[in-house]
Structure formats: structure tokens, C-alpha cells
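Two complexes are shown next, each including subunit A; its partner changes from subunit B in the first to subunit C in the second.
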Partner chain A sequence: MEGNFNPHPASQAPIETPMNRSFQTRTVKSKWKSQFTSSLFVLPYLICFVAFLAYPLVYGIVMSFQDYELLSSKHAFVGLKNYIDIFKKGDYLHTSFFQGLLGTVKFVVYSVPFLIIVGLALALLVNSLPAKVRSVFRTIFFTPYAISASVMAVIFIRVFDTNAGLLNIVLSKFHLPSQIGWLTDLPWAWIALVGATLWWTIGFNMLIFINALNEVSEEMYEAAKIDGANAWQRFLYITLPSIRKIMIFIIITSTIASFNIYAQPFLMTRGGPGSETTVLLMNVFDVAFGQHKMGAASAMALLMALMIIVISIIQFRLTREREE
Partner chain B sequence: MGLWKRAWGIAAAAVLGTSLALAGCSSKSTEETSSPSSSGKQEITFWTPFSGADGPFMKKIVDNYNKQSDKYYVKFQIIPNGEYYKQVDLALSTGKKRPDLMIMHVDNIPTYQKKGQLQPVDDIAAKAGIKKEDYVEAPVKYATIDGKWYGIPLDIHPLVLYYNKDLFKAAGIDHPPTNREEFIEAAQKLTDKSKGQWGYVVPTLWPQQFIFPTVVGQNGAKLADEQGKPQLNSPEAVEALTFLKDLVYKYKVSPEKVAQDGEVTLFLQGKNAMQLNGPWMKDQFDKAKINYGVAPVPQLGTKQQAVQAGSHNFVIPKDVTDAKVLEGIGDFLKYVAGHSIDWAQSGQAVASKQVLASDEFKQLTKQQTIVAQEFDYAQFNPPIINWGAMTADLYKEINLVLLGQKDPQKALDEAQEKALQVK
Partner chain C sequence: MKKYIKPILSIIIASVLAVVFIAPLLWMVSISFKDDVEAILPNLNIIPDHPTVANYVNVLTGGDLNVPIWRWVFNSLFVGVVTTVLVVAIDALAAYGLARLDVPFKNVILAMIVGTMMIPSIVWFLPLYAEFSKLQLIDTYWALILPYTSGAFGVFLLYQFFTSFPKEIEEAAYLDGANKFQIFYRILLPSAKPALWTLAILTFMGVFNDFVWPLYATNSDEMRTLTAGIAIMTQGSYVNSPNKMMALSTIATIPVLLVFLIGQKSFVKAVTQSGIK
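Moving on to the complex of A and B:
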């Protein structure tokens, strides 16, 4: 063929020797072998994917079209009834879904900016430390991420308690207002939930940001320094644009994680004051296991899924367009 | 694009976490705690939610039974309390890995009976020589539906009054209060704001699910009528809630803005003199080494004595038909009826009259005998399917009232309206 440029002429093996031939067959064989072995590595994931993701999803979609009563063997097909009920004013499902959704959306709006800003700030802080102590602090900030939700909740119930909590006691020592209802009043309840969430999960975002910061080339900073850019300018014009892709990733994953808020309000505020911090997943679980209405609960969960997907797409489009 | 795919994958994963739990693929976190040696014996699987301090007490009963029985072997399984009914529901609905015998709270029995998941225990009881009269009446009566008996009671756990003996002594009060007047008077004497000490810290969340119905019952009303219609905004209910609110804002014997478990924390710190809570708190208070006393709940309502209670019952799923298994269940239950003294050691008062009358029971620490005194007027949640859903908003409204953010009448009117939405 014309213009067939081979950059590795040596690998064409023009001279056939017995030794060479045996070498060739061995490589073909090992290539096939290695491909087979690599596909084997995918297999466990594939099995898990089908068993734990694909199958439940399909099952959930089917259930959402049924009057799926958990304690009964009859699961009559009811078409869109569950979805219609969710949008019917005055229906229990309607109140449950939209009241919960409001709580969830509030949490997303309050928490995501902090999850990003604090995560990045911690990453910058840890990165600017001397190399010797860097890993120590990285570990310290990441440790809470490994703690279970119930342990986290027990800790923060004790920190935020109105009358015997650590925070109010500390405030009173400084003669500051110390009768704050961190878990019982607004806006404090949201502040406490966002605070606890930050402490619990920020390590993950921080780690990703640290990795991204390490990828930024040192030469760019050097050049900017010579050009007279100050620290803030270097951050704004070099760091931020360089970690853009990771930033998008963090924005999307943080939004999804915040949408799935459940344990913090369930354990710390019990959805109070009143139903202010009652979030959507709490209501989905209530419908599913409190009332045994699996079909309706699946419809609620799927609508929530749909919303997360739409929001992720919008976020992605918005951030991508700027790139082009 | 890689990133895009990843975001998608995570979105799907996040969402599916929910579907996953709903579809019932969640792994079962049961814990087998019984010793082996079941060889040749008929096995009976027994599920319980006793994941707290009470677990070892039930295990002891089962172990002792297994040692003395040469025909049957009870396989004792603990499922974490918060997971229990989820696992039970999934097991019953799929019919796989279901228990032969299990513990169920008495107020869940009507729901599971109406959904056709339970079988009557009359025949098994008759064969094993277990009689209704052997047990305290309230739970037996409640678990008898359309003339058939569905649950054999193990214990009854009513609300009780815990009080700090040291604080009572310092305030010069010689006995725990028995009615509303004494209660308010004592609480006011015990309150010393300068020391951050309170007479009775009013919880705004759990365990209001026990406290509020107790006061309503003491006012002579029920939260649902005979037809199963909720009556959450009756004058008696409004009076009860107003009284609880007044403790905070009028009598000022409780701090405001009490968060979840706030009253327990203050009680453990010796800054809350009285607490209404369940008998299951005993273990925690013992470990904290507080000098506390237990008394029946004072009559805080205006009409009569009453107390909200729960009760653990033995129930048998409908699909258990093997005659040998059923016979074994009867044999085990008969044994438990005579040996539930081990269960009483956990702080619970048992429902078996034989054990209640025994010297062993009377010699137990004071709590169990005090608890047993309340049995005559114990009440349970109304026998209505979805009662939990009907009252979910009730307790959110009560929360707002006790936080001083809503008027009792308005709150209960709205709770009633929401309850009527539940089908």
C-alpha cells in the first residue's frame, strides 16, 4: 500500500530463522492469552454489574408499574398509577414526594458549594505543607470518610445538642450566645447537617483535588512568577484552568452524593424541626418499608434517579460549552 | 468522553443504591449465635431483633433449651433492630429463608395478620398445654383477631418514670410523684436554672411516641376510634399536648429546643431529675452508675391511669406447615413460658403469670416489679394497618409544638388531615 509508513521496521522480522519463528508464535499465543486474561478481569465486575445494578434497575422499573405490596404475592399491573398519584395534589404520595424533594434540594444547594470550596481549600492547604507532615494531615483529613454513618451521627448529636452539647458549652465559655438549637431551629439545623457532612465526606474531594494539583506543571508557576503574577493570580489563571476537568467531576459527584442525603437528617434531626429537614430518601424508605408499598416507592426512587441524571447532564453541558 | 461516562456511571450507581435496597438484594446481616450440636435434631429457625443489651439474655434461654431437648434444636438468629422488619418483610414476601418462629411487636400483629402472613397459634398452644390465662391479658386480647390467637407474649414494655434519687433527696422530696399536681410541684422544686438543672426535660422527638399516647390515654381518649379512623385532634389530645408544652413554656421545668436524646444526655449528667422512657434504658443507666429510681408513670392526664406499652410476641409465619416443626415450636414456647425469668434479668417484665408470681421474679431489682405494676392499665397502638404512616406527621407536628413553633390545636388539626390521606 502506498504511504504505508512503518515506524518500527525491526518488528517486521524480514529474516526467518527457526528461533525467530518460535518467538513469533509465542508472541501471538501470549497476545491471545493476555487478551483472554484481561477479559477475565472484567468478568467479576460484569457479574456484579448485572446482579447489583442492571437487574435491580429493571426490577425497580417493573415494580413502579405495579401495585407491588411487599407482604402480598399479587402484584397487579397498574400502569402509570403510581406516577399519577405522585403528581396528584392531596394524595399521600404527592405530599411525601414533594415535601421530601424540597428538603433534598435545599440540602444540595446548601452543601455542594462548601463540598467543593472546602475540599479545594484543604487540598491547597495540605499541598503547601512541608512534605514530611503532608501525608500525616492528608490521612487525618481523610479518616472521617471511613467512619460509618451511625458513629458520625452519635458524635455530632453530642456536639450539637442544645443543652449539653460540646459546641454550646464552648460558646458559653467565650460568653457568646450559647442557647443555639443546632438541631432544632432554623437555619441552624441545616448548618449542622452541612457541617457534619463536610467533616464526614470532605476527605474524598480533598484527595481528588490533591491529585489534580500535583498534575499541574511546576514550570507554568515558575514562568508566571517571573512575569510577576502574585499567588492569587497564579491560582486564578494557572491552577483553576488546569484542574477544570477534575472540578467538573467533583461538582457532578458531589451533587449526586448530596442528592442521596439520608443518614445525617435521619439520625441527627429526625427530619425536624417539624418536617423541615425531612429528605426524599427518608420518605421513599417510609413508603417502601413503613407502608409496604414497593411499587409506589420504586416510582418515587426512579423519578429521583431521573432528576439526578437530568441535573448531571445539564451540569456537564454547561461546563463543557465553556470549554469549546 | 471518559469523564462523562464516569459521571453517568456514578449517577446510575447512586440511584441504583436505592433500587437495590428496594428490590431486596440487600445482603442479610443475620448473626448466628447458637452453638452447634444440632445433629439428628429437628431444627427450628428463630428470628429476633434483640441486637442490643437484651440479646445475650434470650440466647441463654435458647441455649438452655437446646441442652435439655433431645428432639429439637432452636437456631437462634439476631437481626439488627433497625433492619428487622425490612428483613422479615423480604423473607416473608419471597418465601425464601424465612424463619419458623419469630418475635413480633404486638402492634404489628394486626397488619401482618390482615396481610395473611401469620397463622393462628391456638392448635400449637393447645397441644403444648399453653393457655391464654397463663399470660397477662392485654397483649393476648390484642393479638386475638376474629376469635383466633396470633401471638404468644414474651414481655410487656410500658413507659416508666426514671428519677434521680440524689437530686430528689437534695430537693427534699421523699417519693416519686403520682399525679399531675405532684409532678409539676416536684419538677419545679428540682429545677435550678443557675446550675443548669431541670425537673423534667421534655423530649421533642422519640420517645414522644410513648409519652403523648400515654397522656392522651390518661385523659380518657384514644387516638383512633373503633372503626379505625384516626382521632388525633380530639379535645383530650389537644389538652395532653398543651400540658406537655406548658411544662416547657409555662412551668419552665424543661429547657427549650431539646434535641434528639437531649433529655437522656442531661439525665446521664445528673442535670435532668426525671425522665419518662422505656424499661430498655436500664442497662445504659446502670453502666453510667447513676443513683436512679424507677416508678410507674404518674397520672399526668385528667381522667384515669393509663400507660402506652409495647410487647414482644412469638408469632409463626403462615407457610410453616411441617407438623414436626410446629410441634417443636410448641415445645420451645412451653419451655420459654416457664423459664422467661432469664429474660426478666434484662430489665423487662415478662408476660408469663407463672414467672411474675415466682419468688425469683420478686427478688429481681426493683425495675421489673415496678414495670409489672403498670400491666393492668397498659395500652397499645390502635390495631390499624399503616398506623405508623398515619402518625408520622403527628410526631412532626408535636415536634414543632414542643419547640414552641406551633399552636397545639392547629398542629393536631393538620396532623389529623394528613393522617386521613393515608389509605
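Moving on to the complex of A and C:
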């Protein structure tokens, strides 16, 4: 505060505001009054938070211990039955959960490396452009992020169409195999899903990488150049270590995002061919709204959330230990 | 000479990639102007042989697709705008209270809010549906709007802004006899405008583009939003009239693309700030 312009030079006593200590140690009554009016600021949000987030969160845990049928009003307490069923071989819930989990894990494994490498490559590319055109290309690569999942699906169902699809037509122009069933055959269905995901979301990772790259000190590059390090060595020994933190952030957020995969297979491949691209969230929704078993679906959702949280923690630990 | 090679090479690679990124959108617009015959032909014509606006007329007058498109447009815009106003208002109040005022249990509340940001939303999605179902609010605007008001992101974003706002200005205002509400309304809100716009843009885009919640929270044709409606149509025989689907998709993309391009700068800033520092 010292040295700042004081609009009221006459008053030298500490200013009492709801923000500082002198105010809070006034009489009990006025303290309460102040706390009350301050709470009014937070109240509207807190009501929404409790009603539409905290309460459902707790209610979801309760539901997972119930035989909660969507269309009936009776919700019998069944203890751990839903969870036991999920782990009981041959049970419908077991198949639904683990088949879906397999699809989800496959998508995570196929997509995350590309989400990171392509995101970083795009960021390096944009940064290597002359300053004048940089923002134009940044905007272009980021624009698909503004498109809704539904529209993305409509576009890519057509792009990947076997007969009239953009991709197969382009391939035929180059005299490459062009009768590929992108959404109906393997491994093409996975390639199509990962490709569409990259187009749709990669701009976000690119932006964050660009931001991180801009904070790497120019001097270190200069020093390395003088020492005779080539571009690849500079990337390996200066760029990568400097953006470590952001890299961890991107790995974790991309893994979580890919684990939550739903729109792309639900709208584009409908889980096919067979049940190959059927992912866990699709089955959670199917058990909840198709089979009307809300309780069992809640148990599946909670297990899924638990896995996501555990994976994030493991990733965070692994990447941090390497530093020490 | 040599120093020009690298930037030129970069521009060439970036341009090729730019074509790849724009092509799907361009193709959507292109097909939406093609007639029924040309739309299903396997050709690469970006400019249609016989350009026509018939698909747009057809879609907007409820022709072949037979869906209440104007109602969907209204629903999407209404839900998007109302939710955005609500979220910005309650998040700004809460963020200011938590950042600057003597709110009891402030740290507990903050920890709770930030903690939920790490929990995947699927956990409360199903019980939320059960809750609205019990209240008999499924298929109403209440169901389409209220769940978005609990998001912690906006509070977190504005909290960061308010904690970095210089305290001296507020203290001077208290000396002049202003109360908390006056200070919030007359001093903090105007200076928080850029942050508020960022939140507004992100909220509008998120709500307008979300299809999963509106898909399950509505069940009549009249209550669908554009994205939920289109999502359902991708599952039906509508795929057989790609030109009309593309026209509908173009219509659904225009509002959000406009908001995106206008708010791009603040959007980019917000996204980069949401990363760890």
C-alpha cells in the first residue's frame, strides 16, 4: 500500500473493509451482519451447485446401491449387488461393462499418442511461420473445435462414406485403394474415429502447446546454437524439458477426454462393426435408458469415474517421479 | 537466400494442412447447395454444377425432413442465451464473494467447487436425469437450462480475475461510503468485462453445442435443440438426403461459428490460461 496514491490523505487510520482484518474484528453483531450480506453473493451459485451437482453426486452413489428402475417408483436397496454383478462372469452387466471398457481403452490407446504428437507438431509448425500469417493458421486449425459433435458426425459420416465419401474419392484420384469401408470395416473404423477426433479437437492441444513454447527462453536456443546443437538436438534437450509441465497437463487431459469418448462412435459407427467400437459410455447409457436400470448404470458410471481418477493420479505420479 | 527456405517450406506445409482442416466444412456447405442428384454423386465439385438454395427453403419450411426446424433454432438460441446470462451473473457474484468478501467457510466452499472439477460428469448425469424426472421437468426448458448453472469452471475463471484485481480501488470506494453491492456493480463488474465476455462466449458455445444432455432431457420433437435434433437424425433415414442434412448442419453451425470468430481472441486467451502455469 505504501507509496500508492491515497485519495483521502486526511484519514490515516486503517481502512475498514470486508476484505481486511480490522473490519472482521469489529463488534460481533456487525461482523455477523457483514458475513450475512457477503454470503448473499455466494448463495445463488451455492443453491445451483447443491441442487444440480452435489446432490446428484450423492444421489448417484445411493442409486448404485439400489435396484433403481427408471419407470418404477420403488427403489429397493440391494447393497453391493450391482457392483457384484459387474464382476460376475456371464452376467449381462459384466459383458456390458467390460466389452465397453475394452472399446474405450482401445480408443484411448489409439488416440492419445496422436492427440499429443500432432498437437505438438502443429504448435511447432505454427510457431515456425512468419509472424504475419501465424494467427491466420492458428485460427484455421482451431476452428473445428467450435463445431458441435452432431454436425461433426453429419460431416464425417459423409466424408467416410464408402461410395460417395470425400476420402475415398481423393484416394481414387491418387489411384490408391478407394473402396474402403471407413465406418464399417476394421481397422478402418478406429482410424476414422481417431481421424475425426483429431480434426475436431486437436486445436485445443495445439493452442496450449503454442502458449508453452512461447515461454521457452530464447537465450537457451541461442546458447545451444553457439555450442553447435542442431535443430533436433535443440528440440530434444531444450524444448521438450522446458514444456514438461504442460506436456503432463496435456497427457492427463487428453487421456481423460478420450476415456469419456461417446459422441464419435455413438453417432458415426454406432458401435460397429459388430460391437468393436462400442465404448463404455454407450453401454452406461444403454443400461440406464435402454434397459431402464438406473441403479446398475450408476454403479458402472461410478466405477468408470474411479478409473479415470486413478489413472490421472498414476500419470501425475509417474511423470513427477521422473523429475526427482 | 537460404534464410527464406525454411519459412516458405513451413507455409507450404501449413497451407496443405489448412486445406485438410477446412475441406470437411467446405464440403458441408458445398453439398448443402447441390440438388438431389448431384448430392449423392461421388464427385469433388466444390462449386455445384447446378447451385440451388432449394435445400435451405425445404429445411426451413419443414419440407422433406419434417422437423420443426424454427422451433429447434429458437430452442437452441433461447437455451444458449438464457443459460449464458444466468451463468455469468451467478458465477460473477460467487467469484467476487469468494475472492474478496468475508464469506464464512470460504476455503471449504472453494475446495468443494474445485474438487468437483476433477470428477467426470457421467457420475451426476444419470441421477440428474432421475431428479428432473421426479420433478416432472423432463422435456421442459427448466431441464435444458438449470443443470448448466452448477458448473465450477466459471466461478474458478472469475475468481482468478477478482483475486488479481487491485484492492486499493475497492478500499477507496468503501471510504466513500459505498456498500459491497455498489462496489461490485459499479467498480468490479465494469472492469471485469473482458473476463465476463470470455466466460459468456465459452458458456454459449458449450451449451449450444452440447447434444448429450438435451438428447436425454427432452423427448418431444418440439423441445429438441438443434444439436440434439441433428444427433437423432444421423441415426435415421435422413442420411439418404445428404444435401438437406448438410443445409441443416450449416444452419446449426452459423451462430456458434460467428460467436467463435468474434470472440476468438478472448477465447484463445481463456483456453491458454486454463492450462497450468
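To be clear about the criterion, the second predicted complex is superposed on the first by the 271 of 324 C-alpha atoms of A that agree within 3 Å, B and C clash if a C-alpha of one lies under 4 Å from a C-alpha of the other, contacts with A are read in each partner's own complex, and residues count from 1 in each chain.
Note that in this section a contact is a pair of C-beta atoms (placed from the backbone, for glycine too) under 8 Å apart; a residue touches a chain by one contact, two chains touch by 3 or more.
In this text, all values refer to a predicted model and were calculated from it rather than measured experimentally.
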| item | value |
| --- | --- |
| Partner chain in contact with A:182 - subunit B first, subunit C second, else both or neither | first |
| Partner chain(s) touched by A:174 [first = subunit B, second = subunit C, both, neither] | neither |
| Most subunit A residues touched (candidates subunit B, subunit C) | C |
| Touching partner for A:199 - first (subunit B), second (subunit C), both, neither | second |
| Touching partner for A:278 - first (subunit B), second (subunit C), both, neither | first |
| First (subunit B), second (subunit C), both or neither touched by A:56 | both |
| First (subunit B), second (subunit C), both or neither touched by A:159 | second |
| First (subunit B), second (subunit C), both or neither touched by A:294 | both |
| Partner chain in contact with A:133 - subunit B first, subunit C second, else both or neither | second |
| Subunit B versus subunit C as contact partner of A:207, first or second or both or neither | second |
| Overlap of subunit C and subunit B interfaces on subunit A (superposed complexes) | 51-53, 55-57, 59-60, 63, 70, 157-158, 163-165, 245, 249, 256, 259-260, 270, 281, 284-285, 288-289, 294, 297-298, 301-302, 304-305, 308-309, 312 |
| Subunit A-facing residues of subunit B, complex | 3-4, 6-8, 10-23, 25, 85-86, 89-90, 92-93, 112, 115-117, 196, 201, 204-206, 255-262, 265-266, 269, 271, 386, 388-389, 392-393, 396-397, 399-400, 403, 405-406, 418, 421-423 |
| Residue ranges of subunit A touching subunit B (in the complex, touch as defined) | 51-53, 55-57, 59-60, 63, 69-73, 90-92, 95, 157-158, 160-165, 179, 181-185, 245, 248-249, 252-253, 256-257, 259-260, 268-275, 278, 281, 284-286, 288-292, 294, 297-298, 301-302, 304-305, 308-309, 312, 316 |
| Residues on subunit A engaged by subunit C in the complex (per definition of touch) | 1, 4, 7-8, 11, 15-19, 23-24, 31, 34-35, 37-42, 44-46, 48-49, 51-57, 59-60, 63, 68, 70, 122, 125-126, 128-130, 133, 137-144, 146-151, 153-159, 163-166, 168-170, 173, 199, 204, 207-208, 210-212, 245-246, 249, 256, 259-260, 262-263, 267, 270, 281, 284-285, 288-289, 294, 297-298, 301-302, 304-305, 308-309, 312 |
| Touch list for subunit C against partner subunit A, complex | 6-7, 10-11, 13-14, 17-18, 20-25, 27-28, 31, 40-44, 89-91, 93-94, 96-98, 100-104, 109, 112-113, 116, 118-120, 122-131, 133, 146-147, 149-150, 152, 155, 167-168, 170-172, 174-175, 179-181, 184, 205, 208-212, 216, 226-228, 230-231, 234-235, 239, 242, 245-246, 248-249, 252-253, 256-257, 259-261, 264, 268, 271-272, 275-276 |
